[in-house]
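Note that the chains take the letters A, B, C and D in the order they are written out, and that residue 1 is the start of every chain.
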Amino acid sequence: MRANFGQHFKLTIFGESHGPAIGIVIDGIPAGTPIDEEAVARQMARRAPGNDPTATARKEADRVKIVSGLFEGRTTGAPLCGMIENTNTRSGDYAQLRARMRPGHADYAGHVKYGGFNDPRGGGHFSGRLTAPLVFAGSIARQLLGHRGVTIGAHIAAIGGIEDTRFDPVRVCADELRALQGQRFPLLDPALESPMRELVEAARLEQDSTGGVIECAAVGVRAGIGSPFFGSVESVVSQLAFSVPAVKAIEFGDGSALSGMRGSRANDAMHMEDGHVRCLSNHNGGVTGGITNGMPIVMRAALKPTPSIGRVQRSVDLSTSSDVQLSITGRHDPCIVPRAVVVIESILAIALCDLAMDDASTHALQSETI
Amino acid sequence: MRANFGQHFKLTIFGESHGPAIGIVIDGIPAGTPIDEEAVARQMARRAPGNDPTATARKEADRVKIVSGLFEGRTTGAPLCGMIENTNTRSGDYAQLRARMRPGHADYAGHVKYGGFNDPRGGGHFSGRLTAPLVFAGSIARQLLGHRGVTIGAHIAAIGGIEDTRFDPVRVCADELRALQGQRFPLLDPALESPMRELVEAARLEQDSTGGVIECAAVGVRAGIGSPFFGSVESVVSQLAFSVPAVKAIEFGDGSALSGMRGSRANDAMHMEDGHVRCLSNHNGGVTGGITNGMPIVMRAALKPTPSIGRVQRSVDLSTSSDVQLSITGRHDPCIVPRAVVVIESILAIALCDLAMDDASTHALQSETI
Amino acid sequence: MRANFGQHFKLTIFGESHGPAIGIVIDGIPAGTPIDEEAVARQMARRAPGNDPTATARKEADRVKIVSGLFEGRTTGAPLCGMIENTNTRSGDYAQLRARMRPGHADYAGHVKYGGFNDPRGGGHFSGRLTAPLVFAGSIARQLLGHRGVTIGAHIAAIGGIEDTRFDPVRVCADELRALQGQRFPLLDPALESPMRELVEAARLEQDSTGGVIECAAVGVRAGIGSPFFGSVESVVSQLAFSVPAVKAIEFGDGSALSGMRGSRANDAMHMEDGHVRCLSNHNGGVTGGITNGMPIVMRAALKPTPSIGRVQRSVDLSTSSDVQLSITGRHDPCIVPRAVVVIESILAIALCDLAMDDASTHALQSETI
Amino acid sequence: MRANFGQHFKLTIFGESHGPAIGIVIDGIPAGTPIDEEAVARQMARRAPGNDPTATARKEADRVKIVSGLFEGRTTGAPLCGMIENTNTRSGDYAQLRARMRPGHADYAGHVKYGGFNDPRGGGHFSGRLTAPLVFAGSIARQLLGHRGVTIGAHIAAIGGIEDTRFDPVRVCADELRALQGQRFPLLDPALESPMRELVEAARLEQDSTGGVIECAAVGVRAGIGSPFFGSVESVVSQLAFSVPAVKAIEFGDGSALSGMRGSRANDAMHMEDGHVRCLSNHNGGVTGGITNGMPIVMRAALKPTPSIGRVQRSVDLSTSSDVQLSITGRHDPCIVPRAVVVIESILAIALCDLAMDDASTHALQSETI
């Protein structure tokens, strides 16, 4: 396992879907940072299940208990551990769960890796439920970034092939991003909510599921964050983004569309604007050479449809080494995309926090007294 | 900077385009591994410049000198350092290079990050030339993987909008991948070479450049490699892939197309085949839950067009804080894609090596005597 | 903070002495490992306070609740989180705790580092109470090592200047080490228990404290574990050992006494014994070139006296920037050494586990199919 | 192998004693730092062999060639690679070197770890020659620290049992440390040079060797550097110090002597002095709770005698699995201690640099704009 992420804003994730609790340890938060626990709760609620017809009926309050690292409302500088109890778990036939591999899930790959000892209840550690601790960590990262004028927001860029309009990568602003955060079904073009919901409902009725795309932006990020090579903004964001179950593609700026452009178009021309360097376009999504250039950061993550579906599927039973017909019962999300919006925002916040601190440490010996 | 990559097959990259040398230290190669230096040279030659009209005219032999970690043709278990001298460098007007920001390049972002002290000659450490050490590391990784029956190959999936056919993700095989390695302009549909070359030549004549897409596959990889969350195959591969200058999008399996599918299609049904579990389709590109499932691994990387173009561009001069018209002279690749094929293959090889060793260490206490 | 330790058996520690709980996340335990929770409890009891006149009167059950990574008695391969609730905490005058710096404690150094925001209650994250999670991690490491024939044990080598005899570094055996584990006041020469206890009691009556030395050995460790340079056995063990509050010196084998020897004596001559290479002496404590050589591993850790003492001490009040006379009230250990024996054993177990897995991963590509 | 050290001032070491070159990559040096190459050369000369009767007759200039990361005399922010060519190597009978295990050396342990593939020439990667790259890295660290008023110096605290006086841990000052740096045989009591040299010469004449102790201090280090637990100053310094071949014991402040003290003495009382908090004594060596407290940092490292001696020793031949009489020929140091003084200083400088940057990054979000 690689349960650790980050070099400065350091995460350690733990927990299983139906175990006693899930949680995360965050090491590296500056001491004395006030934590707004209501703001944390608001972010958690955006991901929490049971609140929308597109989502699973499993009800979880997803209240985070901060076990360490906080004293009188401020961080102590010691590792901050946030835990979320699993309350609404249901038992099942574990032997069958262990033997019958759900297509599209981690079941078979995980079975081989862990020799069949992985927790089979609700996907165990592979569960999408583990994104709750990431949203918690993201909510802390956003508070740190917010104090410096960074705002992050996202919208549903597509569901099942219906595409929302895209951010204007030059003019996207904090107000627009904050407004999106307040929506349960965030779209740039609100007229698309109905057809998208209908598409999801149609899938649900057919015991099927559907995927989608999330577009996320960060504004107010200064130039100079990130590194060439292994610590590029794209490298660190994508490492984290692909940690989210269901994400299968990531792009920055115009992304794959850049592959069809001429350099004369893809290059974002620069000019001086009120004494500051600015680009006239933002095909590169705010990142050049792996480093932020002061323009809005824009990225997209494509999510595959939830693999848990009620329809009969062909699969195998490892206990008998035979083919089986499988029908997954239980509570599932016909479309995970609306709940995943805050997860992708959190990913971007965490990555930017970690990279911004990296940058600071390299400058430390220039600006501080040892 | 984050010059280190990997937890087991550990890389440390160094060097600048016009400095004395570029290189890489690889720590974690098992002692006693025979290194085939001719095979290394063959991989290096696939990336080396000066061999094709689509590429820069800069001639570099890109011969790797192994400085440590090798004795009598076998690895010693100590870190292996491979160095490549820079021979064909040209001096320029550094002051101007430092002040005039090339659009689409790392120039401005790097200037802010490094306070203007980054090496301005040929892009310094940001240069695509630094992918040569990655190809070297990849050539070692491929030898390790090759002994275990893993074969990696890639083709030009698109250049400037002209798309090659795609791998059959279920039936792609070692022979097909090896055959691609032998081609200087690897395509599944060879009839596309002419139109693609014409498109590149047209861009070159207009002092412009063009991007493209590379599709890469690995076959023979056993199930069970990778981890949920931060060490998922997609996380580790993408962290490394986005280290490659110009890469702006990554997808696995059907990638972004999965976002438009129903779960009933995206889920790869499983069945028993000669006593082994196999999927009937491979929309997930050989990775589910972040872990390999025994099917071929398939990924695509989209590359933006080379930002160095001769055409006049709008930009800024930081020494005067004024707008300027910039025309980049020198030797450039009108299309980096053919040379980048081996780079993407190397990325996948390195990531799989690192993850496979991760897996081994967690099983170590089960299978070995301490 | 650097709350993470290890490259394979990876720890993340969290918690404060008077917060809701303390704990540790362990990542990298092989899936399917049976965990003997009674054996864990026995190790925890050896460190738990309130059981001996040399120790603090604070009563803590130190029962570990395993929150994740365990299913039906076996590890799942996912991160294992163990938590210990703090039950017997007492409130105090925090403002005063924050201002008045206890000599010998982390108070002042921590105040500067964390800008005064560190948790002042009971030393917060600096508390020796945080060694409880280390003992828990050590108890897991010992179970892993035990299956491979490794036994670890330690004794009180000195208290307040009274010295126990030392291990015979060639002949120390598993039975001897196991017998020591069963003792609350482990000594090689049991006749020293009375004078040592009297010395501690004398200190306690004078509201003072005393330090000591712990000698620890591991037998059954195969040759070939560890690395030259940064991953030497001594490097990894000492990094962890100096994490234990109060440890101020570490030595391996004959340690500092080696500095006064001739090479002809310090070099451990080798010979063949029943077909195996063995040393005739063990001045190097089982480690040469940073790597185990198959001989017993022997190390010693010197602990300073507990800084919490009732006697009046000169110190400063940061709220008034003035000198003060300070008398620490509350429950303290007049001598931490007996309770620290299991902590040092745990340190050695954790380090050996981590290093043994390191070794395995480098050999992985030789012995496994990727 | 674990060839990497550090989280901010990050090292990667490579090379073998008789290979083409040895070197180190340093990642994390702030861009724009002027490098004084003459100062580097002075530090390298202090460790270089062939300059003193206590040392090996092997002559090496140990000139460092900076291969990357430097442009026009200043660091670029990219990884800095320093290489040292091996010029004065002698060939030998490798087969014999591989089979006959030198007592006290890494030979046997390394043979087992690396399956006999480790480079046998001159100890390969295990050679003390690899401390040259550490001195180079230390010389860079010292320049960074020097700009902030930190001075590091050391003396020979003992050779073969003859003990120099110790630093006054409260009053040791920069001038005293700088004066020691200028000496080839640095002692606080210069009268001891003759008896110490005689003792070494006597060992040499008997084809034997002798060990010693080095005491090292750093002054001008501000309070607040380091962390509780795994990143304590003692943890990080000792991890690095035990990387140095021959080091077998480390202590901080009064070290092992603290184990015999009462708390009332070991606790360093504090008072206000010109508005600053200062300790009246410094038994803790400038570190409490793992964090610097503003007092001088004082540590000692005990080195065992060089294992390479001409005297006949009992050992084994692995090619025949038989006992042999071994006499090591070649050029050896009868006493490594004088040359190791600068190595220990370098260790302390590197560790402090790395930790100081750690501290900075945690404060980054408080003091900088993201």
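In this text, a contact is a pair of C-beta atoms (placed from the backbone, for glycine too) under 8 Å apart; a residue touches a chain by one contact, two chains touch by 3 or more.
For clarity, every value in this text was computed on a predicted model and none was experimentally measured.
**Q** Looking at chain pairs B-D and B-C, which one is connected by more C-beta pairs in contact?
**A** Greater number of contacting C-beta pairs: B-D.
**Q** If you line up contacts by residue number, which pair in C-D, A-D or A-C shares over half of them with A-B? Let me know.
**A** Copy of the A-B interface among the listed pairs: C-D.
**Q** Which integer distance in Å separates the CA centroid of chain B from that of chain C?
**A** Computed value for the inter-centroid distance: 44 Å.
**Q** So what's the Cα centroid distance for chain C and chain D, whole Å?
**A** 25
**Q** Centroid from C-alpha atoms only, then distance chain B to chain D, rounded to Å. What do you get?
**A** Distance between chain centres: 38 Å.
**Q** Quick check on chain A: which residues sit in contact with 2+ other chains?
**A** Those would be 1-4, 7, 13, 28, 31-32, 77-78, 113, 125, 222, 225, 228, 358-359, 362.
**Q** Using the touch rule from the top, collect the residues of chain C that touch chain A in their complex.
**A** Touching chain A: residues 1-4, 10, 12-16, 19-23, 25, 27-28, 31-32, 65, 67-69, 71-72, 74-81, 83, 113-119, 121, 124-125 of chain C.
**Q** Spell out the residues on chain A that touch chain B in their complex, using ranges where they run on.
**A** These residues of chain A touch chain B: 1-5, 7, 11, 13, 101-110, 112-113, 125-126, 130, 158, 160-161, 203, 208-213, 222-232, 234-236, 238-240, 242-243, 245, 247-256, 258-264, 266-272, 275, 277, 279-280, 283-285, 287-294, 302-309, 311, 313-316, 318, 321-323, 358-359, 362.
**Q** What part of chain B is in contact with chain C in the complex they form?
**A** 7-8, 28-33, 77-78, 144-145, 147-150, 220-222, 225, 228, 352-353, 356-370
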